[in-house]
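For reference, the structure discussed in these notes is given below.
Chains: A, B and C, in written order; residue numbering restarts at 1 for each.
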Amino acid sequence: MSKPQKSNVKVRRFSKAFVWAHGINAISFFALYITALPMYTEFFDWLYPVLGGPEGARLLHRIFAVAFVTPTFIWVIFDFPGFKRWMKELVTWKKRDIDFFKEVAKELFGFKFKHVRQSFFNAGEKINSFIQIFTAILIIASGIPMWFPEFFPAAVVQWGYFFHNVGFGLAIAVVVGHIYLSVVHKHSSPGYTGVITGEVPAWWAKGHYTDWYDEEVAKGNFPDIDENGNPKKPTSPDSKKKKGA
Amino acid sequence: MTNSWNDVQYTDCALIMGANPAENHPISFRWLTKAKENGGKIVSVDPRYTRTSAMSDIYASLRSGTDIPFMGGMIKYALDNNLYHKEYVAKYTNASFIVKDSYKFEDGLFSGYNAEKRAYDKTQWAIEKDAEGKPVKDFTLEHPRSVFQLMKKHYSRYDVDTVVKITGTPEDDLLKVYEAFCATGKVGKAGTIMYAMGTTQHTVGTQNVRAFAIIQLLLGNVGVPGGGINAMRGESNVQGSTDFGLLYGNLTGYLNAPTSTDKLNATLAGHLEKETPKTGYWSNKPKFIVSLLKAWYGPNATPENEFAYQYLPKGNKNYSHINLFKAMYDGKLEGAFLFGTNPVVGGPNAGKEKEALSNLKWLVAVDLWETETSAFWQKEAGSDPGKINTEVFLLPACSSYEKEGSVSNSARWMQYRWQAIKPLGESKADLEIIHELATKIKALYKNESGPAAAPINALYWNYGEGHHPDIDLVCKEINGYDVNTGKLIAGFGNLKDDGSTCSGNWIYCGFYPEEGKNRAKNRDKKDTGMSLYLNWSYAWPMNRRILYNRASCDPSGVPYNKEKAVVWYDAAKGKWTGVDIPDFVATRKPGDAGFEDPFIMMNDGVGGVFAPTLNDGPFPEHYEPYESPAKNPFSSQEINPTIQLFDGKFNERGFKADYPIVATTYRVSEHWQSGTMTRNQEWLSELVPHMYIEISEELAKEKGIKNKDKVIVSSARGEVKAYAMVTKRFKPHTIDGKKVHQIGMPWHFGYKGFATGDTANRLTPHIGDANTTIPEYKAFLCDVRRA
Amino acid sequence: MATEYVKFVDVTKCDGCRACMVACKNWNDLPAEQQDFLGSAQSHAKTTADTWNVLQYIEHENSKGKLDYLFRHSACFHCTDAACEKVCPENAISYTDFGTVVIDHEKCVGCGYCVNNCPFEVISLKEYVDKNGDKYRKAHKCTMCTDRLEEGLQPACVTTCHTGAMEFGDKAAMIKKAEERVKQIKDRYPNAMVYNPKGVGGTHTVYVLAEKPSVYGLPENPKVPTSAVLWKDYAQPLGKMMIGATTMGVIGMFISSRIINKGKQDEGGDSHE
């Protein structure tokens, strides 16, 4: 049986700056994770030779630690409006956000669900953002005294170890979920491509972030589309052009 | 030491003065700690609060160079408060002797002073003798010309106020020390005095020790366990080296070297006559001298040729360190052998000593490393090699682990050491170097005759063939043997003056009494009683561990302290017995002549409270150091009137107007002497890597010096740079109402090795003690400023 | 383990000769490390990776206003409950049968966690260069000469101590001795005390101190840092659990959505779209 083919019309969801920032964040997070893993648990001691011994692991961890700090700055410097929107959305909570969770739970376990209208970031992404921001601050702030213990009182360094550990534990839990949703979860795969290319299928954007999409349509940035993603008639050729969000 | 390290544990009070054993003789604290556990007190008297002070029960500060006022005050205190051991003083010392009425003391001078010669006519201090030549005595000690009364009069001037005024010691502390130590005057109690270079390195060094001797005799502390006068030797074998004639005035075994200044010394008979007293053990001296000549000249020493006596050099000068370097400075010396000595760091006024070396034609230095001395001509030493014509030979020497032989420790124990490793590289033992030198010189003179060749050809050098001398033959010669049979001599009592015996060092005679029985090799750890360990090594004389131990018993031979008895008279056996070897004729019975005379080495058999033999007087009298910040309150004599003065550039003198601060030098645990052995050892160098001075918080504040600052210390002789260690352990003294500062510094440093720094001895003066000429390293004037 | 051994250091018998420092370097073959002038007789500010024991020299005006010159042989305490052992991520630090705490340099990765968590600050990192010129680090501290103990010898520092300020023996006997000694010296040192801190489960170096611990720069009540306890006993196990749980959750979702509810979900999705 054949379903109607989804349209290839794409819209720009993420700026290049964000794509880079997100990419660096993701890569450095995993690099930090991998380079710390043999110290976190002996189960992964075999990673030491791979990483060039404890010294290699330590060096890489520090290189990626620096990298890990940069995404925020990249985003702020090269796409300040995007960053501003993120900040704004994070502090904006409405009923739709609560409803989102009810539905997302059904979806995740494969039950029947419906999309709740969301703005640029859905409630799940906002929660993810919160936790990521919190853990990143925890990890970075505790990592500095760990790196330079000679400049800090012993107690600060000692608590640093604790908070680095806690931050990491929280972060990894959230990140695992975040990645599952973006990479493995089948309904999210356009989002995964999107975070790499910056572009997502229009139909997917409209489905997942209806409020945002409609907003952009109203601004004339995105084409108005039908349920298969094809532009509704009549449209001017210009409006088909994708514009960055 | 009259006693031994182990014996210190039996003391009731240890007065440590002019010494810092916790830092410089650490092992002594093993025994001092035990003494403390046994209830003994430790008293530390030092200008600086040292680690010894930290371990002490009582600490008293004093200004460097005021030991005689301090001790004179104690003598007065003991006499005034009747704390002295009355029987001991009356019977065992010369306090009862009557002094001739020619003896006088006025304004710091004893009678017989010749200002031109800076010397005394000592005959004016003689003891009254009876018709038999025996001293006239008054056992009541009441006679106005008895030693006791003269002493009392002499020290009546050393009242607490005057003492405090000149020493700067807080009165409370002073009295605490007097009280604690004089408590050992009680019959049965024992107090020891432990001293070192802080006592001797003064222009009154000998008299400082004499002051100790007087108080110890007054308190009955000599000859008893836990008592004595204990000089802590600063090197492992300093005792051995002086025993073996290191001092310029000695042959071996403290036999005097003959000088041409006395006509009697022109012949052996005259020399023996001059040297031999009628009474006391020294009456055997001819046996020791002849046996020594037989050891040195062997078959070439015959009764016909005065046992080769004429081959002994007979000088007419003071050949002490300072005078040798003065001669060198004046260009009067051609060459020098320096065996393990580094005067460019260790000598007084070291800058001048370095200059003096460049007047030599040749210099042979024998050492483990190239020292500041053997490298004196190098650019690094601040010299211009182009202008120095001295030819320097550096011979590599072995360390103690690479050779075999013995060392004698402070307790007179001759301890044999075996070779642990073969010598590294081309290094050789000193003995081997001397042996080769002697055999080669003998070979060169073999076919010559005349006054230069004769003594060398006559020299008996028979320690085996080849490069390596047979050390066992050397040992046997030291002990002595019958020259006809070759049989070893059992003890110095068996030495003869007819040329039938030889002994290289009579005091050691008996350490090798028979074949295969070198007692220096004894290593039995069993305590043979009172921790004397009679079967561990060999203590001269005749393995006696406590000298004058007869004095630990009352005149009838019963120990004063029965719990700590070492020897006693056993009436049943009719002889002396005990856990120590009696330092006495053991077979003497009550009623025998000399039964009650414990000091066998003294002509009269008793301890010398009064010593009419010393150059600077029979009683210690205070004179200020050569460089002093204060006026002598006891007389108008500012400095010791009998010290030899050196004029000119060789010894610039500083005065308090330019140099108001008292300075002293000392050593640290981690470095040894001039530092050659330790500054080349990294583990020791890292512990004390820098030259520093210790300076009080008060002086630092006055001078604007902060801890760890670099400072410059200057004296009339030179300047040195150092770090400032600002410490609470130095406090300014109040001398005659004025504040006088004192600083101290280690003298180990030079520019070689791992731990380098300026040499403190560039500051110290060329001035010495009136009897020994030991330099006055311990009290001189300086100034300090920020670098 | 039959007997529990401790090193007993009676600082009031120490004369500061530093033979313990040299004996330690000698036995353990540690290089010298020359320091700048520190303004006192002390050679090193504290123990380092190449200097496992340091003799402290302290000028202290006591409660009576009198000057005391105090010495202390400072080295690893070999805590019964050792923070270093707790925080080591590689299990490189362990307790021996003698109660000593030792570092296995095969396992040590030079992270420095032990260095920063030791309540006595006695552990240090040493940097090495391998044959390729690459640098690496290892943590070092006093081993209580465990290699000597295994041979029936005593620690080098104890053997060399000539005043008997150090002894090595049965813990109960040594503590008894220490308590006796404190009674004896109370006159001279009113603040004298036995230092065997409970916060770290007691130590295997028991001191008689002449003064309060703070005079020697020692913590009055040292303990394993709370942060280390929270970290190692709670945060890390929880973190590991959390990773596990999250991963399990993700797998659960995957299985549920892809396999069990496959049909329904498709349907739902479709209906929505």
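The rule is short, and it goes like this: a residue touches a chain if its C-beta (ideal position, glycine included) is under 8 Å from a C-beta of that chain, and two chains touch if they have at least 3 such contacts.
Worth saying up front: this structure is predicted, and the values here are computed from it rather than measured.
Participant: By Cα centroids, which chain is closest to the centre of the whole protein?
Facilitator: If we average C-alpha coordinates per chain, C lands closest to the whole-structure average.
Participant: A-C versus B-C: which has more C-beta pairs touching?
Facilitator: Contact tally favours A-C.
Participant: Taking the mean of the CA coordinates per chain, how far is chain A from chain B in Å?
Facilitator: A distance of 87 Å separates the two centres.
Participant: What whole-number Å value describes the gap between the mean CA coordinates of chain B and chain C?
Facilitator: Their C-alpha centroids are separated by 49 Å.
Participant: Counting only Cα atoms for the centres, state how far chain A is from chain C in Å.
Facilitator: Whole-Å distance between the two chain centres: 43.
Participant: Help me check something: in the complex, which residues belonging to chain B touch chain C?
Facilitator: 22-23, 26-27, 29-30, 33, 49-55, 57, 668-670, 682-690, 692, 707-708, 723, 725-729, 754-755
Participant: Could you list, by residue number, the parts of chain C that touch chain A in their complex?
Facilitator: 87, 89-91, 109-113, 115-117, 121, 134-137, 225, 227-228, 230-231, 235-236, 238-240, 242-243, 245-247, 249-250, 253-254, 256-258, 260-262, 264-265, 267-273
Participant: In their shared complex, at which residues does chain C touch chain B?
Facilitator: Chain C residues touching chain B: 13, 15-19, 21-22, 25-26, 31-35, 37-41, 43, 51, 59, 61, 67-71, 162-164, 188.
Participant: Using the touch definition from the top, list the residues of chain A that touch chain C in their complex.
Facilitator: It is residues 3, 39-42, 45, 48, 53-55, 57-58, 106-115, 149, 154-155, 157-159, 161-162, 165-166, 168-170, 172-173, 176-177, 180, 184-187, 207, 227 of chain A that touch chain C.
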